[in-house]
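Common to both upcoming complexes is subunit A, partnered first by subunit B, then by subunit C.
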Partner chain A sequence: MARDIIYYNPSIDANKQKLQHVQDIASLALGVGAGVLTLESAYGFIFYFVGLTVANFLFYSICCENQPKKFFVKPLQDVYLAGIFTNIAGYIMMWCLVYALVKSSS
Partner chain B sequence: MATNSSTAAFYVVGLLLLIHSGYSSFEFHKLSIVSHYHGSLPIDIVLETVIAIIIIVIGAITSVSNTPVLSLKGEQINSRSKFLKFIEMKDAVTVIESIGLSDYEELNTRVGFINIIKKRREYSEWLGQST
Partner chain C sequence: MITPDLLLDPQLKYWVLLPISFVMVFIGLLRSNITFLLQAPPKLEGFKAVREKQFLRRAASFKTNNQVLTEEEFEVRKQYFIEKLNSTDFYAKIEDSNQDPMSQLTDPGMNDALMNMAKGNVMNFIPQTVIMAWVNYFFAGFVVMKLPFPLTDGFKSMLQNGIATPDLNVRYVSSISWYFVNLFGLRPVYSLLMGGSEADALMSQQQQQSPLPNIGGPGGPKVDKLFKAEAENIQILSHESVFEGIAERVLESYGV
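Let's look at the complex of A and B:
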């Protein structure tokens, strides 16, 4: 019978906050990138999903030190899926802003 | 979040590359209108943008590294993990025990609610007993 693991909640919150910080910056940087590349419609969203997944993969492989179960309750779900739709607003904001600036001459 | 020199260096280089690629893209679009050019964005601008984003993301990852904590004895204690905190109770409490303070310390002590008059009275009574 598997033994129940007792979790320490402040650590869970701290780890989620760190992941959120990385995802915030990644989504804003991706938004600027999409604006600079003047991506339009579905290409912009594909760029976001691919880019954020790459950023999450970097976080997962660098920060989790090959033992993700030690830092997240459900590692794959918490790192890859949880923040993907909450950060899309910041991405679209930077995408629109930089797109308008870059294309302002045309 | 800790901001050390390597994080700042990553952010500065990434932002400079991003601004440069943005200005290049702006110039390209301006020139393509004047010269009636209908091609896609040059590959060097695309590469510069992608590299800038990767550098900024790496900078963000280095910024979340754990900082050493100061114990009550004045020693610097480093966590066993470099970036994140252990979530299992048996691993998480090792650092807390070595410092002597918990994350709930503010709730446990409640410095703002201490009744100083009562404490002074108790102290003066204790002084009166001891003499």
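Let's look at the complex of A and C:
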């Protein structure tokens, strides 16, 4: 009989905050990257989704030591899906800014 | 090479884009500091009010953690909690139930809570309005940047505010749209500058979220209702000890 793992909520929250920190930096950095590459429309969004998923995968395998069950209640959803749309605003901001900087000086 | 529709002055980015970003970041930081300073120190509660909350919490933790108790201990505590939750021993103050709801509005505690809420809202509201007015007034009437992604024509009236060229591509936008992009996109910047929780508080409009049910507070449920509900929950609690079938589980987990 398998008993459920009991989670301590403050720890779960702290883990989520660390993930959020990683995603914040990743989305800003990806925005700068997309701006420097002067990606446009769909390519920029594909770049974001791929880049953030790679960042999430690295978090999943390095920070969670491939055992995300120990750190998150619903690992796949929490790591890969939850942050992807909330962080897009920061990405778009950096993308627009760096794109405008790069385009207008060329 | 295809010539672009419009050539934008390179000076625009130094005199429009970066200033708007800096101003928004600094006003955000300033706002979080001012909110911190304006926060009233938490008021000391009467011991009876605290006792009431703690008792409710105790009952709740009994409800979640009862499996560590043995059968007799469980029964004793269950009886105790049901009896106490149904009596008025732990109430902070005994009110008559048919009280006029309007009289709550004159309650001083209610006024304090309203004042705090109003302060929070004002701190949220004024800076945004001021910056938006400033951007609209100061940088009005010219195209500032080209967005890297296309938008539908529906955004035209909002994002090309004050530009009288009806056929211009929607990707060329005026300063107000850079303001909006900043408004939504600055959360990661704040969280890197200040630490995550403050940034979330800054971005969210509703900051009043108390972990405990605010007993007797404005709009909160009445004490007796909460106590009765808790008593019913405990009444129907069935007990299963963690030691139930422990021998089999140990043997199973070691594969014997």
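The rule is simple: the second predicted complex is superposed on the first by the 102 of 106 C-alpha atoms of A that agree within 3 Å, B and C clash if a C-alpha of one lies under 4 Å from a C-alpha of the other, contacts with A are read in each partner's own complex, and residues count from 1 in each chain.
Basically, a residue touches a chain if its C-beta (ideal position, glycine included) is under 8 Å from a C-beta of that chain, and two chains touch if they have at least 3 such contacts.
This structure is a prediction, so every number in the text was calculated from the model and none was measured.
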Subunit A as common anchor, with subunit B and subunit C clashing or fitting: fit
Which superposed partner A:Tyr8 touches (first subunit B, second subunit C, both, neither): first
Partner chain in contact with A:Leu81 - subunit B first, subunit C second, else both or neither: neither
First, second, both or neither for A:Gly33, with subunit B first and subunit C second: first
Subunit B versus subunit C as contact partner of A:Gly90, first or second or both or neither: second
First (subunit B), second (subunit C), both or neither touched by A:Lys103: both
Touched partner set for A:Val22, first subunit B, second subunit C, both or neither: first
Touched partner set for A:Leu58, first subunit B, second subunit C, both or neither: first
Subunit A as apex of subunit B and subunit C, Cα-centre angle in degrees (nearest 10): 70
Subunit B versus subunit C as contact partner of A:Val50, first or second or both or neither: neither
Partner touching more residues of subunit A, whether subunit B or subunit C: B
Shortest CA-CA distance between subunit B and subunit C [superposed frame, angstrom]: 5
Doubly contacted residues of subunit A, that is, touched by subunit B and again by subunit C: 21, 25, 35, 38, 101, 103-105
Residues of subunit C touching subunit A in the complex: 8-10, 12-13, 17, 21, 144-150, 178, 181-182, 184-189, 191-192, 196-197, 249, 252
Residues of subunit A that touch subunit B when the two form their complex: 5-8, 10-12, 14-15, 18, 21-22, 25-26, 29-30, 32-33, 35-38, 51, 54-55, 58-59, 62-65, 70-73, 98, 101-106
Contact set on subunit B toward subunit A in their complex: 1, 14, 18, 21-22, 25-26, 29-30, 33, 41, 45-46, 49-50, 52-53, 56-61, 63-64, 81-93, 103-104
Contacting residues of subunit A [partner subunit C, same complex]: 1, 17, 20-21, 24-25, 27-28, 34-35, 38-42, 44-45, 87, 89-97, 99-101, 103-105
